[in-house]
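Encoded as structure tokens, here's the structure I'll be asking about.
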């Protein structure tokens, strides 16, 4: 048998979810999911459309709060702190648990302002020099510095799709988050831009806990060390990516990843 | 293991069944080659032996074709999980089955070098031994086609019988050679034949392990593997 | 799942003949209908352009004369004139009483008769003597000799000079022309003066200033309230029955006939709160009530069109709701909001009915000094002048319409400028 990891058995998890259910009005989108997010690895959420993987991802930084009908039950903890407790400030939470979205969504501002926005609103930089440093460091980590260093005042929306997405990653990095959530970050990109993002994810691993939702199973296989398979709002299987893709234990997982789903 | 559900992309299923068909064909041809080689040996039928040697080429070509198709399927369909394991197993099985064909060819090649050896008692033992090995090959390829891990496990268990036969034949031939040194040449050839058949049994076991892996995703536990044959020291 | 039979049937189907006659006929019909649609659309555009051109040409043709004025030279010899004002008294700065008592009307009549024969004082505008007095007050030395004053002509002479007038007036024009006494100049009084009973002296500035002050009050009240209301409704309000009711109410408010706002303003602002009648303040508040729903509707649409991905992006880096709204949503929605605002303001600028009821139809000669002074507005001035019997006001009416249109066009141009300036792509 492969070395199995139980969904909740990670020794030193960054985030833990216990018995989490999410409702949109009366509809149950996530049913009783318990899972640990490891701090040193990339965790991929895969599953067919509408399986709840994006919904679950968005509960991890309370982005679902913006949807009035959404309701979350169960416990989600970030380093042992309940993120849905009244003591947790949602604004700070989203700075600690950053997010990169499906469609590259830079602000229609300059490249510099895009990256500097987060540090500015959280007061992370004292003075222009420190802000410059943060912007440069973030862009470097996002692998974009060499491409944009001479045109930081150009609009972020003037970049190519892949560059825009890396700018969005730089923007998320700039507030020095602990976890980065990525919601299908490459679905709008061409294969080369996708490969660059994947390489970037690989480089960011270890510094940040990364959770990525993807439709592309090959991508999940390439970038992640842990894979969770969601189906109809349930967490069907969670394990080492190598095991999931060579020897899934659940029939539903196998049927999905071998292309028999449906 | 297989849930019976087809792939959403039907062409993938077509590719897979075609590959399975080619592997079955290779297996059938190897079995036939072994059977014919043993009959040629038993009857000292040089014509049949020649036919075995020639027909081995077809198996070699099939193996090359199977390999090519597997590479194509891997590149185009990106198989995952059990499909991926099946591809990898099929690749290795094709190689192993080709080796089995080679052993049959080796046996057939020896026949012209031997005088009529029907009188030697060990030959009938060899035929029985070859029957078991042939059945193992047959069953293990059935297990691959049916994706049946249990059959594969049982095939492994039978390897012991082949090894026992080998040890018995080894002792018989050694005794025979000691009785009459003029028989040494003949007996040595027969000993090599026995060794070839024993190797075929081992290879059938290897295939069974791969089938087990392809079907279950796990390695066959050690205790169920066939023991490595030990050439007992002479004497 | 296709059954084999279905597949075979599909294979056996006769191949489509794309060149068959009925196929070709269908293609021709399709092209013909496309052409028809194009021409119908084009003619609709041409018709509306023709209406607009007709309106502009008629207005400019009628009104352009209102910006010029016929003036008649009036030589006055103060040696013989029946007027006695001591220039020294004026120079010392205490001659106001003397000027007030002096008979300038008689002076003009005397000088006109002397220059152009009896009854010639009818050639001059009724208020011409006021100008003489003003010039003398400014320069008392004129009293010491002969001076030629350039005075505005009466409106019938003005009309006769610019186009066809009455036979009598035409004769007078011919006479004056033969003496080279006629001249035309820019009608400064029209652009800088207030309303007057004499068309030669009536000006648009009072109404224009009244309009501008009213618009200012409207903008200051309606813009922030409208923008904040639309922001709240879009970004904060929960989607429930209450917000639905509010939304319907706002839409209805935008459709309420304007006269009803006038009645409301009369009842509430003037009678209940005692705000000054006829003032730009009350007018502005009334128009703000009308304009606000327009701004709210335009603002909500503009805010809706800000892509949610921008909100997600800002929330994702930990911006609060207020930061999302003021750093991202509002700047991106602003061009749309401004365009809507200016369209609403333009509508308010042309509004007459509610202002009738709050007393802005009064005759007010002095331009308002502030938002509480009695005042009138451009469309009301046009309405008032169009009612006047004096023929001189016909031209003034058209000229006032031109002024109103110019103000409207510049507001719209400003809206286009703002949209282009602030619009951002994402």
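Going in written order, the chains are labelled A, B and C, and every chain counts its residues from 1.
Definition applied: a residue touches a chain if its C-beta (ideal position, glycine included) is under 8 Å from a C-beta of that chain, and two chains touch if they have at least 3 such contacts.
Chain-to-protein mapping (UniProt): A = Phosphate ABC transporter ATP-binding protein; B = Phosphate-specific transport system accessory protein PhoU; C = Phosphate transport system permease protein PstA.
Computed from a predicted model, the values in this text were never measured in an experiment.
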item	value
Chain whose Cα mean lies nearest the overall Cα mean	A
Furthest chain, CA centroid comparison against chain C	B
Cα-centroid distance, chain A relative to chain B, in whole angstrom	51
Distance from the mean Cα position of chain C to that of chain B, given in whole angstrom	100
Gap in Å, rounded to a whole number, between the CA centres of chain C and chain A	56
Residue ranges of chain C touching chain A (in the complex, touch as defined)	238-239, 307, 309-320, 323, 327-328, 332, 424-426
Residue ranges of chain A touching chain B (in the complex, touch as defined)	1-2, 217-218, 221, 245-248, 251, 253-255, 257-262
In the complex, chain B residues that touch chain A	3, 5-9, 12, 77-85, 217-218
Touch list for chain A against partner chain C, complex	61, 63, 66, 68, 91-95, 98-101, 103, 105-108, 117-118, 121-122, 155, 157, 168, 171-172, 174-175
